[in-house]
Every structure is written in structure tokens, then in C-alpha cells.
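Look at the two complexes coming up: subunit A is in both, with subunit B in one and subunit C in the other.
What follows is the complex of A and B.
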């Protein structure tokens, strides 16, 4: 009997997970709304606060709000994936299955990235409508590509969170309480260099900090972010994203082994 | 027969205290100690820091930052008063206790007021901690002489906001989920209640919408108390906050009564 190739099984699991995520979204698409309300309101508030401060402040508001929306979809969604399994009672069977749990999460993350982009687009349209016109972008194509990459970097943080949440029932608590801290720490709406210097190393641990700084260098002429400039920002974003993905893979592997050995997954 | 039924009917205060003490473990069960501590100590700080930096980036000076910090110190009350209270309906539905609640003979006024007690206390704590942050970290000047007026304004605001949360919970009784409603009103105040900039900067229809929120009046009263305005001005604002609280609680009771009747008639309200 020819053994089944594990790669095929993993790929199929990811596709099945992606399909389920899409079906769940289509069954109840209203869940896109909660993650968009806060960003739209924050963008409108920021737009009002930035009014008269210069032509490029609309970019700050849109970029920050778009990132918040995608934080909602991508990081929340990816991080929440484990809690959802726990709530549905599917966490134990899923972890017991031969496919590594990471590949199941991956399917959900892929959908979260797509719906995050969709959410970001809606926020963009609302803010542009409110402000009366789109912001001036020197390099729209480069901006769009980098934007998608920053989304993926957010997803990498979400995957690490998802692995961590296997151990805890405080996923909702961490995300709700940490929401503003993440916005501040990663400089969603303002450059991180405005924060006290001692906080900068903490901010640099997160991939979106690098990505957002790079995006602003690309979109805002005369922007003063980290002194090392656009290309090192890009390199930093890439490096931290890869590090997060590696950490996520390692954590998932250890978490799976641990809960299978201990048999205490339900005790949380 | 009626005397036999009366024997099973608990007193107003018993129902009130039972709900006040039990709600944090049942319908408000998600409000654990860690969540409450985070809401009281972490959320106000991070929210104030966030908007203070946004103001700074927009070229605002110390007075603008202080204005925004004070506004957000008060606005964080919405997490415990609106979002949490609003979600009690969802909790009842998902825990399968809604049907039992709807057929119980408990005094509804005592029941809803009792449930609001802990959120009111948490709201008070949240605003108090937020005001301390505003004073210590963001340069908001709070004179000792203004503390009594400030305390009255904060207490009235907390009551009004919890009333508004109960009102939304009443609306949510008829909805599939209260999350969307909760999210809308959790953040709408940041835009429409004069939290980050004066209401006069908004278009007139949005100013009218803002006037419908208890937060707008509560925040105006707190700002007036902090700036040491005369008692006559404060009395008008306190009256407005108290009126919004009475309207919110009354509307909440009215909504629950209507939907309860509908639930008993159709037997379908607890489905979601």
C-alpha cells in the first residue's frame, strides 16, 4: 500500500479550512461590521483633528484606520481561530487529527487576510467619501503591494497569538485590553518616533511597526520616521515577519505535543 | 390563590440585591476581575495616549492635548456601561436562561436596576482613574474645590450611561446579536459627544445626533465642573444628564415590557 503523502493531506486541510472560513463568513457576513466601526470612527476623529495640518494628513488617517480594520479582521480573526474551535468543541478532534494544527489555522488566516483587505477597502471608501477626495499617493502601485505585505505581517502576529491561545481562555481579554496598546505601540496613526525612545525597541518587535513606517515613507513626501529609512524598514518588516512565522511554527509544534501528552486541553 | 402567588413573589430589594450580586457571575459573567482591572486601569491610559499623540501629530498644543485627554478619560466609561451591559441579553440567550427570566415573576425594575449596579460602580472607577491619568500625565488642571461638583457629574454620567446600556440591551433582545449595536455605540461617542473636539466643529445634523447621547451631556457637565463654572450652569447640565438617565431607564423598561409580551405571545424571542 502506497503511503499517503503528508504534503497532500496538509494542503487539503488548509483548503478545507479556508472553505469553511469562507462559508462561515457568507452565512453571517455581519461580523465584518464590528471590526470596521472603530476604524471608521477613529479615522473620522483623526481627520477632524488633522484638519488644516497639511495635504498628507489624510494619508495618516486612512492608513491608520485601514490598519485598524485589518487588525480587526486579520489579527483578531487569526487569534480568535483557536477560541472558536474551543467554543464549537472542535479543538480536541482537530488537534488529534494527523494534520498539524498550524495548517488548519493557515486556511483561516488566508481568509482573514482577504477579508481584512476587503474591510480596509471599505474603510478607505468611507473616509475618502467623508473627506471629499482620495489622498495624493506618489507611488500607488508600490503602496498597494506594500499594503498587502503589511497585511501578511499582521497575519504572522495573528498566527503566533493563535498558538498562544491554545493555552488560555483569556484570548478575548488580551485582545480587547491590548487593542489600544497595539495601536499605540505599532504607530497605527502616528510615527512611532513620537513615542518615548525607550518604547521603540518594544515597538520594533512587531512586524507592522516596520511595515507602517515603510508605507509612510512611500506615501508621504518629507515623512520623518525611523532614521534608517524606507529600505531598512522594508528589510526589518520582512525579517520580523519571517521570525514570527518561524516562532509560530515552533510554538504550534510544541503546543500540540504538550497538550497531547498532558491530555489537559479541555482544562482551561 | 392570589395570596399563594404573592408568597412566591420576592420583594423588590431582594430581587435588586440578588441581581446586583449574581449578575457579575451570570449574565455579566464575562466581566471577570482581570477584565475589570484592565478596563479600569489599562484601557483609559492607552486610549488617552493614543489620541494625545494623534493631537500632537496634528499640531495641537498642551491645551488641545488636555482637552482630548479629559474627553477620553470620561469616554472610556462606555466599555463597562454600554458594551458590557448591552451584552447581557446575548449572555442570557446563549446560556439558555432567557426563557426562564421571561416567565419569572421577579420585579423587572428591581431586576434591571440590580444588574446595573456593578457596571455603575465599575464605570465610576473607570472615570475616576481616567481623571487621575488626565491630571497627572496630560496636564489637566483639576482644582480641589471643584471635586464635589466633579463627583456629582461623574456619578450622574455613570448612571445615565448604564441606563443607555440597558436601553441598548432591550433593543438587542429583538436582535440576533448585540455585538454590532454595542460596537456602534461604544465608539460613536468618540465622534459625536465632544470627546476629542468641540461638537460645534461637526455638521448640524451630527450635533443633533450627539445631543441624543447621555455621554455628550455627562462630558459637558464634567468639563464644566473641571473648569470651575458656576453652580447655576452646572445645575442645567446635571438636569440634562439626569433627564437623559431617566429617559434611558424608562425606555429600557418600556422596551423590555414590549418584547416580553411579544415573547410570551409568540414564544420566539429567545431564538437567535
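What follows is the complex of A and C.
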């Protein structure tokens, strides 16, 4: 019998992984309800919080609540899926396949970005409904594009985080510590410039810090964020995102080797 | 290693697990799961690895299928090193770890196969046809579109098998393929395994069940506590333990003098004594035809309730003897 020639490709594996993430979601659509409630709550809280604080409070509220409801999913969604792979025992056959695990993660990241954007959309709709009209956006198209980019930059950090979940079953523990610090530190809710000065260098390690600052420059006339302004913000976001992707590419190889050495793939 | 090309060849493979417990105050435990395993498996054969719990069967299977690195020694599959040539090997080997885990339960069996077909790189043009063909082969066609969580244990096992052969591997690793299956499903699984060999696949199979090894595997090795304690054909393994025939004598206890008398019979190579509640069983391995049940009865005249049976030495006897000897 002729053996089949393997025609695996990274793109195909990424799409297969995206597809299985969607199928698993559709198999359990009751998750839709909690994942819709959170953005609604964030939107209402943020609306109350920023109400009356200047002419662009709506944009502040949308950005704050939007990021709040999206960052978790985007940042940790793929790591969580990996810990599920451990639990289901599917990590072993996946690692045993010719596909590098990174591309399985990328498929899930795409799904997380998509569902994160869906959460963002809910926030937008709720705040617009609460305030009786859309916010004044100087450049709606630029805003939308930059918004998606911020999500992708967040996802690039998520890919690196996911490596920890492959590395060890204790990753969830590490995540819980970092969680709160991360979303305050990157300025998801408040602009980072409001934080004590010493925290800024740490914040700058994360691409969303740059991206969000750029987003506020774009959406809020007269916004005073990082002194270097919009274009350097954008450059910083791009640079840090690329750095995370490069880190992901190089550590995944090593992480896969580490787990083969440890033999802890089926532990959860 | 050698000029002859074996499907699987290992030299002194060892594997140590250091597992840590606790977070701050770490307790390190050190397990030598494999203590130097040498094996050679011919192309196109079914090779059986038999051993009790914890012998290291799964560990060796994972090493050979590139899921675990050995701590020492070297292992070649299809002539390629499992550590350095894993990328080359992965599309050419299949692995079935079996059990309840290892599948996406909330989606259908067919979707599970599609996903892994993509990851394993089954040519896209062939994918659907091949999946249908394999589902039929493992007799899952009618359940293919049901969620895996609704599958019985046996159906999950079949799906594992289906995934293992999706890409028509040249070497297929099966870790206890019939564990937990009812006799009918187990029989079907064994039939499938035999049909794969007819297709030229080399099969490396681990099992607890002697009869399974005896039925399927012309060549086998017995692994005990990380060491190969025997490696041969079933017939020669029987010889190894000292005889093709076994006599069993059962009564309410035997005197030491009686046992020594039996031991002096010509052709008796070994006597194992086991207690069953009030009764004792002596198992005699007999090399020749000279010793008959009546000879045994003649030496044990003081036991009116004596029962003597004669049978062929089974692989199970061989196995128990070998694993026992290791234990002493």
C-alpha cells in the first residue's frame, strides 16, 4: 500500500484550528450569554464612571469598557484552550502531528480576536444606546483599523502567554497574578499617564500600551498622552508587536522540546 | 546501527522521570521507567510488548513515537533517529494511545478526524474520501456525525484507531488497543490490526493480555520494571520457561518431602507453589512426555481430594514466571 504523502502546511493548520474553535463554540452556544453579559455590564459601569468628564467622555467610556471586555479573551483565550488540550488529552496527538503547535495557537488567537471584537461591538451598541447617539469621532475609519490592530497586538502577547500553558500545567496560577496588573498597566481602562511615573517603563513593554495611547490621540481631540505623540505611539505599537511575535516564534520551538523532555504533556 | 533495516531498533534506551511535588518545598521523586531497552522489530511484522502495570510500556511507546525524549540510548524508527529526525518521522508513523481522553468530545467523530487530517497533512483532495473509507473500516460510519461525548468507550477506541491510520502510516504504535473493550469489540479491533499488517504496516503493540499477544504477535518481548526480560517467538518463550507442558496438582496442602519427590521426577524443570485459601496448587513445568498425571498421583498417595490436570504451557505461564523471577 502506498503511504500518503503528508501535505501539511502552516496556513492549513491555522485554519483547521480556527475552524475547530468555532465548532466547539457552536457546540456549546450557551456561553454566548455570559460572554454577552460582561460587555453590557462593563459598558454601563464605564458610562456612569466617565459621564460628564468633558466632551469626549463617550469615547473614553467605549475605549475603557471595550478593552475591559476584550483583553481577557484575547490575551488568555489561547492559553486557556491549551490548558483544555491538556485536560482533554488532545495535547499529545496535536504535538505528535507534523504541525508546529504555534500554528494551532494562531488559529485560536484569530478566533479570540474575532470574539473579542464582538464584545467590543456590544459595548459600542450599549453605550450609544445609553447616551442616545454615537460619539463624535474625527476619523471613524482610522479608529476602526487601529482598534483591530490593538486587538492583534494584544493577541501577540497572548501567543507568548500560551507558551506557558504548553510549558507547564501551573500556568493558570501565574496568569492570575499577572492579570490585574496587566490591564491597569497597559491602560485598558485609564490612560497610563495617570499611573505613577515609575510604572510607565514597565507598561511600555506591552504593545497595547502604545496602541491604546495612539487610539486616544486619534479619537479625542486635545488628548494629552505620551509626550512623543501619535506617530511614535504607532511605531512603538508595531515594534513591540513584532517583538512579541518573534519571541513567540522562537520560544515555541524550545517549549515543545522542553515538554518532550519532561514528559508532562498529559498532565493537567 | 546495523546494516539490516529494521522498522524499529533501540539500543540501551533509558528514561528517568524526575517529578516534583509541592510548590515551595519541592519533593523530588526519581523514577527509572526504562533501564536500557534493546529491541529490533522487522518491517511488516506485529511486535508485541507485554508487561505488568508500570513496566514502562507506555513510556517506550511514547519515546518511539516522538512524544517523549529518552534520557539515554538511541532509538531508530524506519532508520531515523526519534530525537533528531522527529519531523521526518511524524507524518510516517501513527500513534494510538487510546482511552477515554485524547478527543474533542463536544464535536463529532468526523470533525475530529477532519481536524487531525489537516494537522497531519492528509492531502486535501483525498480528505473526505479517506475519512469515509476509514470510518467504514473501523465500523463507525453510522455514528460519524454524532458528538464524541455520546460514544461508548469502544467507539472512542475505534475513533482513536481511525485517527492513527488516517495517513496510512508505515509504523503504527498501539498502546493497549483493546483495554476496556468488551470481547466483541476487542475481537474486531484485533481483526483490524491483522488487516493492517496485511497492508504492510509494521505494528508495535503493547498489552496486558497474554492471549492477545499470543494471538496477534509472532514476535514479542516481555518488559518488567523497565527491562526486557525475554524477547522471542511465543513457541520459544514456552521453551525458555522450561517446558511445553504444565501439570497442576491441587490439594489441601503438601509436605516439603512430597514437593522434593516431585522435583526429582525426570523432566520436571520447575515447580511453583501457590496457596488458594485452604488449598495449595503446585504447577509443574515439564520438558518431556515422560511425566504423566498418574506419575504425580503416585507420588502423592496421602491426598484423597487430589486433583491433577495437564495442559499446554500458556504464554500466561511464561509471562508470570518471567515477571516473577524478576521480582525475586
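Convention: the second predicted complex is superposed on the first by the 235 of 268 C-alpha atoms of A that agree within 3 Å, B and C clash if a C-alpha of one lies under 4 Å from a C-alpha of the other, contacts with A are read in each partner's own complex, and residues count from 1 in each chain.
Just so we're on the same page, a residue touches a chain if its C-beta (ideal position, glycine included) is under 8 Å from a C-beta of that chain, and two chains touch if they have at least 3 such contacts.
Being a predicted model, the structure only gives us computed values, none of them experimental.
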Practice task
Determine, under the contact definition given at the top, whether A:37 touches first (subunit B), second (subunit C), both, or neither.
Solution key: first
Practice task
Identify the partner contact of A:89: answer first if only subunit B is touched, second if only subunit C is, both if each is, neither if none is.
Solution key: second
Problem - Partner chain in contact with A:97 - subunit B first, subunit C second, else both or neither - result: second
Exercise for the section: Could you look at A:23 and tell me whether it touches subunit B, subunit C, both or neither (first, second, both, neither)? Expected result: second
Practice task
Give one of first, second, both or neither to describe whether A:57 is in contact with subunit B, with subunit C, with both, or with none.
Solution key: first
Practice task
Applying the touch criterion given at the start, work out whether A:9 contacts subunit B, subunit C, both or neither, answering first, second, both or neither.
Solution key: second
Exercise for the section: Could you look at A:263 and tell me whether it touches subunit B, subunit C, both or neither (first, second, both, neither)? Expected result: second
Exercise for the section: Considering only the touch criterion stated at the top, classify A:45 as touching first (subunit B), second (subunit C), both, or neither. Expected result: first
Handout entry: Residues of subunit A that lie at the interface with subunit B and also at the interface with subunit C
Key = 170
Handout entry: Of subunit C, residues touching subunit A in the complex
Key = 15, 17, 23, 59, 62, 65-69, 87, 90-92, 95, 97, 99, 101-107, 111, 114-116, 118-124, 126, 130, 147, 163, 167-170, 199-201
Practice task
Provide the residue numbers of subunit A that touch subunit C in the complex, in ascending order.
Solution key: 1-9, 12-13, 15-17, 19-20, 23-24, 27-28, 88-90, 92-99, 104, 170, 257, 260-261, 263, 265-266
Problem - Parts of subunit A lying in touch with subunit B, wherever the complex brings them together - result: 30, 33-34, 37-38, 41-42, 44-46, 48-51, 53, 57, 60, 170, 172-173, 176-177, 179-181, 183-184, 189-191, 194-195
Problem - subunit A partner contacts - residues on subunit B that touch it in the complex - result: 30, 32, 34-35, 38-39, 42-43, 46-47, 49-51, 53-60, 68, 177, 179-180, 183-184, 186-188, 190-191, 195-197, 201-202
